[in-house]
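In the two complexes that follow, subunit A is the common piece, with subunit B as its partner first and subunit C second.
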Partner chain A sequence: MQKSLKTTLVAAAVGALLATSVSAEEEKVLNVYNWSDYIAEDTIANFEKETGIKVNYDVFDSNEVLEAKLLAGGSGYDIVVPSGSFMERQIQAGIFRKLDKDKLKNYGNLDKTILEGVSLHDPGNEHAIPYMWGTTGFGYNVKKVEEIMPGAPVDSWDLMFNPDVVAKFKDCGVTFLDAPTEALSNVLGYLGRDPNSNEKEDLAAFEEHMLKIRPYIKYFHSSQNINDLANGEICVAMGWSGDMLIARDRADEAEQGVEIAYTIPKEGAVIWFDMMAIPSDAPHPENAHKFLDYIMEPQVVADISNYVFYANANTAATEYVEGEVKEDPGIYPSDEVKAKLFPDLAEDPKFTRQLTRSWTRIKTGQ
Partner chain B sequence: MNKNRSMFLISGLAFGFAFLYIPILSLIIFSFNESKLVTVWAGFSTKWYGELLRNEQILDAAWLSIRIAVINACFAVALGTLAGFALARLGRFRGRTLLTGMVTAPLVMPEVITGLSLLLLFVAMQDLIGWPAGRGVTTITIAHITFSMAYVAIIIQSRLSSVDESVEEAALDLGARPAKVFFLITLPIIAPALISGWLLSFTMSLDDLVIASFVSGPGSSTLPMVVFSKVRLGVSPEINALATIIVLLVAVGITIAGITLNRQEKRRQRDMQMAVAANE
Partner chain C sequence: MSRKAYITLGDRITAATDLVSQSSWWGQIQTWVEVLLTRLGLRGQGLVVAIPYLWLLLFFLIPFAFVLKISLAEAVIARPPYTALIEWTEDAFIDIKLNIANYLFLLQDDLYWKAYLNSVKVALISTAVCLFIGYPMAYSMARANPAWRNVLLMLVILPFWTSFLLRVYAWIGILKNNGVINNILLAFGIIDEPIVMMQTNFAVYVGIVYSYLPFMILPLYANLERLDNTLLEAAADLGCRPIKAFFSITLPLSIPGIIAGSLLVFIPAVGEFVIPALLGGPDTLMIGRVLWDEFFANRDWPVASAVAIAILLLLIIPIMVFQRFQAKEAEAGTA
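Now for the complex of A and B:
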């Protein structure tokens, strides 16, 4: 009798323990770490309303900051948004948990072509879903370029990479992104070489070509170009699609007579993906899956695209995307252009070191 | 000759002030700019103040930063005063050189190193003893206290070494216990240093970006972190509006502190004169 009472007590205690541990796991909290200004104004509020999960939403401004947090471990975040090539390395370091696709009922909405591109970073698409994607082309000041060189090749990398052409825009201002891997891929693509080469010979060709156009480059910077283009202080800038479109809108708003356009050059350009992934030590993986599924709902992600002016990777969402965004070839390029885009894959460490040195030589012009 | 020199001095002064304050002035002026571009003037408007009040992300971050700064300043003053007192009053004791070195180290340590080492410490502590659980407001506050306290200690130490020790000795002679002497004699004398130490710690905590971004966690983005992450897309005039408000608050705070300190100083001098007169 007494023994059985003891057993019951123990069983009850174990049961209670189990119950609390389960409910602790289902705590209604989600910690999201995303790029600054990279979500619609009401997305988080709507998600909280729909699921009752409280979201702590923080922002970062560079992949390096995110990577430092992830590598230190125990970051506490449930959803992070690295760019493709950074994620590729992080997956190799075992930072992310594999997605449980049974919990993602909207997974089928994703664009198959994009998923294929992403699988070069993340084999089998096991660890992340594509959030937004864009291209690395160039933005230019329509009037000034036309004035300096009537009939300039504004649909081609010739405008930036052909030494004879770019020389004409020196005084007007030509700028590069301070992003060696993307510059490398674009220039190699322009030279008709493999954009994702790890060969020394290709790197030498890249450096040689860059040094030819170096005298005409005003600066290397990854964010200053937005305001400088909009203010009319520079003419041609290699830039990320979303940034260049922001520059275009700012120029319109300022009404100073500056008109900016963005080109995905006909030779092809880098396509990049920002990915949503769940760290392996995330405290709330269940909620994270719910969030991913929510983001893949067509209307939700379409609202985000309408707000941030980046293309999403959701085929079902395209019908909800505003015409202004959807019909802009800078954001949603035609299938023909899309076929020419190439992802910027992570290089091997040795090549990265050589590239960094080469990039320093290029930037200092020696 | 004399006039020439004063012309030189005045123009030097004017140039110096212009160098310091014209950037702040232009920031304030552009906070009333109609355009979204920070550098192009497009007419007067107060709309960015309205936008700012609706922007919860910035307001939450500002409020969080202020809370951290206040807690940090209080702890830093308490701990820094103890350290400063030990350095100035306890004479030679074993390990004094070590203590001096350790107190001043955070002053010269690059922020990146402080930030990274604290981050590693917090991660290790969480693994070993489970506290602090995750990173957030607590860890940022601890990190800020670590370096603020060093500044306070230096301020207090230099203030104490300029104070005549005989006043304290007199109180001891008259039968006051050391604790009573500390609270009734020493503290009031170094009060101005306490206030400036508090304000300095407050400012440095409000200002810190590097260390905070190392040791922050979910739901603990401070104001500098939010502002800095926004810079990627160009600074919006909301930031100018916020900066204007902060400049205004700081100016008011400094003025009040200045007036109070000034009054105290005058009263102290009057008291001392009266004491001298009474003795004669």
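Now for the complex of A and C:
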């Protein structure tokens, strides 16, 4: 009897040991959820080759869709890429796990100034690493704008926000992003107010100004502007830097004589950061840390920037970024321009509701 | 000792299963199920009717209950982003919190009401246009040579083989400023400036009518095809002109088809989101878009759910009233 008890205990202990060692060794799988067209063609394949981890790569095209999945829970993703202001709220909702920085040996490569900027969204940079960043300015059709208004203020928000100027481009097509927070920040900045205000008075000023230029706006959409700009369907579009540069390239490829340029207006514009984070219910957090560390390798992230035309947040990578990308002021703006950029911080839920309501009024007149 | 007992038990199980299979255990299960169903009052016809009810329960009532539950909660910054309806308190009480503020909120702001009315307007006009186009199509299909009917029917169904989303996208290519229509009109010199069709209400109507037309044609066709031809022959024999025969015989007899087709078009068109989002302009205010804003922009799942429930009730009540009215008509007809 005693003997058999001992055997059972030993067997149990061995079993427990086996069990723990099995759970410590994660299965070699990683589920990544990233923006569409937001990684180099060979990044995932190279990571798989180097680590032997099989990556399931899935894409989304709006922060809202990602957020809905994260809030519902049990998404099964190990790596997600929300933008800063969205991540800020998601951190409050307890969506992400804290990073284990001991496992991220390349963390020191990250740009200190950008980390500081990002810490406005994520105090102490505890939950995420900056992946790419960009600005919200405007893209325009160089020839048509010059034809309609010689000497047009193409370096300034006047082109879009000054009612007298934007009226001239109505027939040619002026479009806005369907992104109320970014429109709000840019317009408030233009009006000389605090871009991240949560005050009713500033919201009223924003709405009043938007209604002045509303008659000249063709549509509010966040991705259609790429093709429409490239095809010459529209003239001036508020847009994200990388998208506007994609429009520029598509216009060049089409050889229809359309020439697109991107401007970070001199009055300042929204700077945004896309962040890589690990959901708290991620099934493979170990592998996720390996992936984050891989992305922070200078050559790897430089290759991505060279492919997607967005600036990365990695100081050590800059030397590997091609001149064409690095010297483009639309992608890597000068320090002088950078100083005028402002982040798009998350609003409180009450203000969000007021802003959405105001945005609907601006768009529909209701 | 224990080992010996184990074997015996196992043997017994094997023996038992053998016994069951020998004595046609399948038949036994069938008997049990039958007994159960009889107790529930489901036999023969009742069983056949139970299947759609089960379907309704699984895919309509249960999801509806979830949405109803969320609509009575409060929005919070958490996962999930709403409060729990039922909570176990520490002293083992069940704490049920029902928050009707979301419904009251819908009444405070006329946005929801206006968006709903506008959706109903768009859906009504689209349904009328679908009926206007669909009726002649269904009529000529039903009158066509039987060999042709199947081909025509096939042609109506054929567009479903392509993704709905792709077909709506295709309309962008047709309607836009440098799209197919404008390019042809410009090339023939009929117009000098492209006609703006995209991002207008016109494009929304085109999209809805195009997408839902088959849902109008199919029930109408099914109805018209069964129409008794001898009635028309009799009318002709008695000297009735074809036009009059159509309005006094065909049209009244096809009313059930018209109603079925109209409901199939009207109901989904009211809640339509994709078509106005892709083809409509920024000023196309529809309830589907308002719901999207509540859910995604405001992250207010409870208010979004309240909007969804409100739409459902506003749609179901007229349909039920209508059905009751119809049933009464039918009774009056037979009596």
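The rule is simple: the second predicted complex is superposed on the first by the 341 of 366 C-alpha atoms of A that agree within 3 Å, B and C clash if a C-alpha of one lies under 4 Å from a C-alpha of the other, contacts with A are read in each partner's own complex, and residues count from 1 in each chain.
Methods note: a contact is a pair of C-beta atoms (placed from the backbone, for glycine too) under 8 Å apart; a residue touches a chain by one contact, two chains touch by 3 or more.
In this text, all values refer to a predicted model and were calculated from it rather than measured experimentally.
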item	value
Joint occupancy of subunit A by subunit B and subunit C, clash or fit	clash
Partner chain(s) touched by A:G124 [first = subunit B, second = subunit C, both, neither]	neither
Touched partner set for A:A72, first subunit B, second subunit C, both or neither	both
Which superposed partner A:G257 touches (first subunit B, second subunit C, both, neither)	neither
Which of subunit B and subunit C A:G94 touches, first, second, both or neither	second
Partner chain in contact with A:T364 - subunit B first, subunit C second, else both or neither	second
Partner chain(s) touched by A:P150 [first = subunit B, second = subunit C, both, neither]	neither
Partner chain in contact with A:P180 - subunit B first, subunit C second, else both or neither	second
Contacts of A:I226 with subunit B and subunit C, given as first, second, both or neither	first
Subunit B versus subunit C as contact partner of A:T356, first or second or both or neither	second
Identified clashing stretch of subunit C versus subunit B [8-16, 26-34 or 44-52]	44-52
Those residues of subunit A which subunit B touches in one complex and subunit C touches in the other	62, 65, 68, 72-73, 231
For the subunit B and subunit A complex, residues of the former touching the latter	35-40, 42, 57, 119-120, 123, 126-127, 134-136, 213-214, 216-221, 225-226, 228-234
Touching residues on subunit A, where the partner in the complex is subunit B	31, 33, 35-37, 56-62, 65, 68, 72-77, 223, 226-227, 230-231, 243, 246, 250, 253-256, 283
Subunit C - residues contacting subunit A, complex	75, 77-81, 109, 111, 114-115, 176-178, 199, 281-285, 290, 293, 295-301
Parts of subunit A lying in touch with subunit C, wherever the complex brings them together	62, 64-65, 67-68, 70-73, 89, 92-95, 180, 217-220, 231-233, 349, 352-353, 356-357, 359-360, 363-366
